[in-house]
Amino acid sequence: MIPASFEYRRADSVEQALGWLSEDPDSTKLLAGGHSLLPLMKLRLATPGVLVDIGRVPGLSYVRDAGDHVAVGALTRHRDVEISDVARAHVPLLAHVAGQVGDPQVRHRGTIGGSIAHGDPASDLPAAVLALDGVLVIDGPRGRREVGAGDFFRGFLETALAPDEVLTEIRVRKAPRGWAFQKFNRRAQDWAIVGVAAVVNGGARVALVNMGATTVRARGTEEALAAGAGIAEAAARAPEGLEPPSDLQGSAEYRRHLATVLVRRALEEATASGG
Amino acid sequence: MSTTVADGPAAGVVGTRMRRREDPALLSGEARYVHDLVVPGALHMAVVRSPYAHARVTSVDLSGALASPGVAAAFSGAELAGEWSSPMPCAWPVTADMQAPSHLPVAVDEVCYVGDAVAAVVASSQAEAQDAAAAVAVAYEELPAAVDLEDAASDRVLAHSGLISNRAYTWELVPDADAVERAFAEAAVTVRERYVQQRLIPAAMEPRGVCVVPQPFGGEYVVYSATQIPHILRTMLGITAGVPEERIRVVAPSVGGGFGSKLDVYAEELLCLALARRLRKPVRWSEERSEAAQATIHGRGQVQEIELAADPHGRVLAVRVRLLADMGAYMQLVTPGVPLLGAFLYHGVYDVPAYAFTCTGVFTNKTPTDAYRGAGRPEATYAIERAIDAVARKIGADPQEVRRRNFIPADKFPYSSVAGLVFDSGNYEAALDAALELVGYEELREAQARRREEGATRLLGIGLSSYVEMCGLAPSRVLASLNYVAGGWEAATVRMLPTGKVQVVTGASPHGQGHVTSWSMIVADKLGVSPEDVEVLHSDTAVSPLGLDTYGSRSLSVGGTAIALAADRLIDKARLLAAHRLEVAPEDLELSAGQFSVQGSPSSAIGLGALAFEAFTAHDLPEGMEPNLEASATYDPTNFTFPFGTHVAVVEVDTETGKVDLVRYAAVDDCGNQINPLIVDGQVHGGIAQGVAQALFEEAVYDDEGNLLTTTFTDYLVPAASELPSFSLGRTVTPSPSNPMGVKGIGEAGTIAATPAVVNAVVDALSHLGVEEIAMPVTPERVWRSIGASAPGTGGGR
Amino acid sequence: MQVTMTVNGETQSHDVEARMLLVYYLREVLGLTGTNVGCDTTSCGACTVLLNGESVKSCTMLAAQADGEEITTIEGMASSEGVLHPIQEAFREHHGLQCGYCTPGMVMAVASFLKEHPDPTEAEVREGLEGNLCRCTGYHNIVQATLAAARAGALAP
């Protein structure tokens, strides 16, 4: 469980991190909380030559009310999102989901930016951000750009983030009511076998955890709801067009079934909470 | 035989819930496990392991490793072959014709499971050793692997090129074949069940660790190991590595749990010893968790077929059992014998007249199996307790009623079983009654019916498990009849120091059980001292040279008895000395609270402490008496002990997702007299959790090529606090007549009882839908599929 | 590289390899072997320590990431006079440990949990300890000890 050797550099600013990244983007990795990267390095499944620690870059840990949306600094820890008054008031889904990631120790170290940038379809926060119509703010050598969450998750552990870019802010649309999160797993500390983040305020957005190579939306369900279908009917269409994985915790067929049940439960709960 | 529901009498400290003496060191972080020992100059070992389940090793290129920074040496299996004077030991060749492949600590030309060692490197740090191990280049020629147990039994693929069959042995216990045939021919009701005992990974929280410190000029080796068996290990290391036994000192420092997985002699222990001898330097190894999953033994791994013949009322007339037991790739210390520990118990707590048991041990290309908490007895209890529920379903009776009809009656003890055992004492119905009351059985049945009527998607299931186990391993003569190569006694010494303090030396080797506390309580009451004044020495062959260690719930009933006997002998000697000092006859003295006083004239008295000082100075001893108050005893039990009880699991099953929540759990256990009920509670709690884990969470999963897929705690689901409820415990007390303290043993009971209770509960929740069997672990997907398969349209699964 | 941090109230400064995990720094460099390693996937929690008063798994942090921070290990819980911390005392009173290997991490996790949940329910305790595995106790007495420590008002040091 000892990582292979690497060079460690601590960045004081995003600019400095970008500079180091540009030197050798393919063998350089950013380190924030380290809760996605270090486990891979300990098993030597990742062996970066250079680690750029951005964990102390100032000014990137915040949850801010920005009018129609809430802006969250990429280095904000899950725990800080969970207990943020701003998040709880305006995006309770995000606060709730942050409190469901991993376990308390993980939430004390892991960051929202790290979780989003890792692009793991089994992670909870990407689904919440997708359901909240999130926008990812990315800084890079070519300047700043904003990418919608729907365009950000590209493939398994693959995102729109280029190797020489840094994710700096996550923006999510306010949704104080009409939300729900369903996480189904066998142990509390595990990744979801299937998870559902739903927002039904002003048109339903339903995002699914572990139902494909990336975090995905339940398009079938969303279309059905838009067309006026009832919850049960819409939920039955949740797995439409999706190719969930088969693994030790569940087959693809079971995941498709779970999606229908969990989406239904999420929609019922979201509607009951004021959707 | 008295049966009560209290904690028992508490004239002294025995029977009280005394806090553990071990705890301050463990709680403060000052306890030292093997990994914590600081040994200057020690080299760190890393082991290169086979990535193939079965392959020929065509070459081992160590050059990359030898060039790696910090490396001291690297060796292939061939280079180390000369270090071994005999193969890895198996102490239990269960039949005279048992087949077993030769097993060396490091494979030479054929690897037989993923994780089989092929080379070892040593370096000045653990990180450098790991770096170097990654640079060893091994060329393999892959061979077909025997992975599935039943497929392996067919010999379609051989697990070892040198074997003519994968079948290692067949062991039978058939007292009267005709009686069994007759019973099945005439039975009104029969059930035939097939159960799979999935492989489990013991997962003691402390991975294994070894550190061997050679003393090249003294000729001795100090072996520090995270082991349950320092004494057995010393003998076996000596035989296998060709080191005279007396030159090896084994020390088991704080050991972080074992559950049977540290009841073994492992390749890494031999490797550290051989490399320390060869390099004349200390060599240490700390196992990593993902390594432990492959390199430490697995438990269970059986396919069971059990048939019951019963009369129309569900009274069982015969039990017939056929097992296939997965040995894995090699025989470890007691691998072949594990199924035999259950062989006598497949009729459970029931008075059954006819019995037939057959077990075939089969090699596969997987990690070797061996003893894991309960070892054979959980498997047996699972089979009979699931099957008795099947009988109850078949005749439409309440499972608790069918149990009652079959129990060995309380007035039939000592009970000679059809399998040839004599059950020491029991009152099974009392424990069942207490458990049903504790859990609120009637109300639960009503709630269950209500939910079914309402068409609820969260159904309630109630599962029973009434168990008896044999523990207190073991009468040596019985072990001989089972072909085990050692005995089952335990040794102890009790001595009083000049200041009246007491030293106890035990051959038991605790790794979490609290022996220091329990042993000092026993001795404190015997000698009238405070437990705090009793020092317990253990787990170091230099201070405790004789012993057979800790496993099989033997420590109290065998090791604790040896201590009580030694204390009695010390008192006998002290009585003679007291009589000499008080100038009375020994039989005129009575001992109370550590004071000998003359009957009828209590003012004439002398305490054991004073006598210890007298015995130490030896200024005025009776003619022929040796100095010091010290006595030893070696106790060989006359019989096993037979703890029993009934556990009740209550589950909620979500029929839409298949999720099972264990919502309530009640356990009534009877382990005879209790030394410390606080410790008994803890053993039961932990045992239940491991039994529940087998039922609902854990399985060592292999793919078709023999790759272990569950090598980490993210894939191998050891439950956390969030997955378990609190447990309601009750107890009945039926002392064992087999030993002077009337104790039985409680280390494995929870694990033995819990697994069938939980699975019975899940099946009970769904039985009205036609569900009769769900394979373990009972995962949500399996539950969902079983509902779909049994009642199309209900759950949607198939 | 040079790292400097406060561990159990004392300033420590050492030159370490960049790849050195915090847990190995504590164990091997500082000799604080109470913090144990039980897995390699951030699952078991045996290595839990407090980082600025909050529980973290020291196997999933580089020593370099703890530079300048304040660490509390199990060795920092009892008073210097040898009096156990109320959480440790509650574990002893309620038999919340057997082999003791998970215990230091469990105690540190409880210390952090009680800071965040001073008056927890049993369900909250069970959820709050989801990141710590124990193989001996079945958790029953750990949960009881945690509830008792909460009643005793035991906050982290």
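Odds and ends about this structure:
As written, the chains take the letters A, B and C, and residue 1 is the first residue of each chain.
One rule holds for everything that comes next: contacts are C-beta pairs under 8 Å (C-beta built on N, C-alpha and C of every residue); 3 or more make two chains touch, one makes a residue touch a chain.
Values in this document were obtained by computation on a predicted structure and should not be read as measured data.
In terms of which chains touch, the assembly is arranged so that all chains touch all other chains. Across B-C and A-B, the chain pair carrying more C-beta contacts is B-C.
For the pair chain B and chain C, the distance between mean C-alpha positions equals 29 Å. Chain A and chain B, compared by their mean Cα positions, are separated by 44 Å.
The set of chain B residues that touch two or more partner chains comprises 127, 288-290, 714, 720, 722.
Counting only residues that touch two or more partner chains, chain A has 1-2, 4-5, 43, 187-189. Those residues of chain C in touch with two or more other chains are numbered 17, 19, 37, 40-41, 43, 127, 130-132.
Those residues of chain A lying in contact with chain C across their complex are 1-8, 10, 31, 34-35, 38-39, 42-43, 51, 53, 55, 79, 102-106, 108-109, 187-189. Taken in their complex, chain A has these residues touching chain B: 1-2, 4-5, 43-44, 184, 186-190, 193, 248-251, 254, 257-258, 261-262. Residues 126-127, 130-131, 134, 288-290, 656-657, 659, 697, 701, 709-710, 714-715, 717, 719-720, 722-723, 779-781, 784-785, 796-797 of chain B touch chain A in their complex.
Chain C makes touch with chain B in their complex at residues 17, 19, 27, 31-41, 43-44, 46, 73-75, 77-78, 84, 88, 91-93, 95, 97-104, 107, 122, 125-127, 129-144.
The touching residues of chain B, when paired with chain C in their complex, are 19-20, 22-33, 35-36, 38, 127, 203-207, 254-257, 259, 286, 288-290, 511-514, 678-679, 681-682, 685-690, 712-714, 718, 720-722, 724, 726-727, 750.
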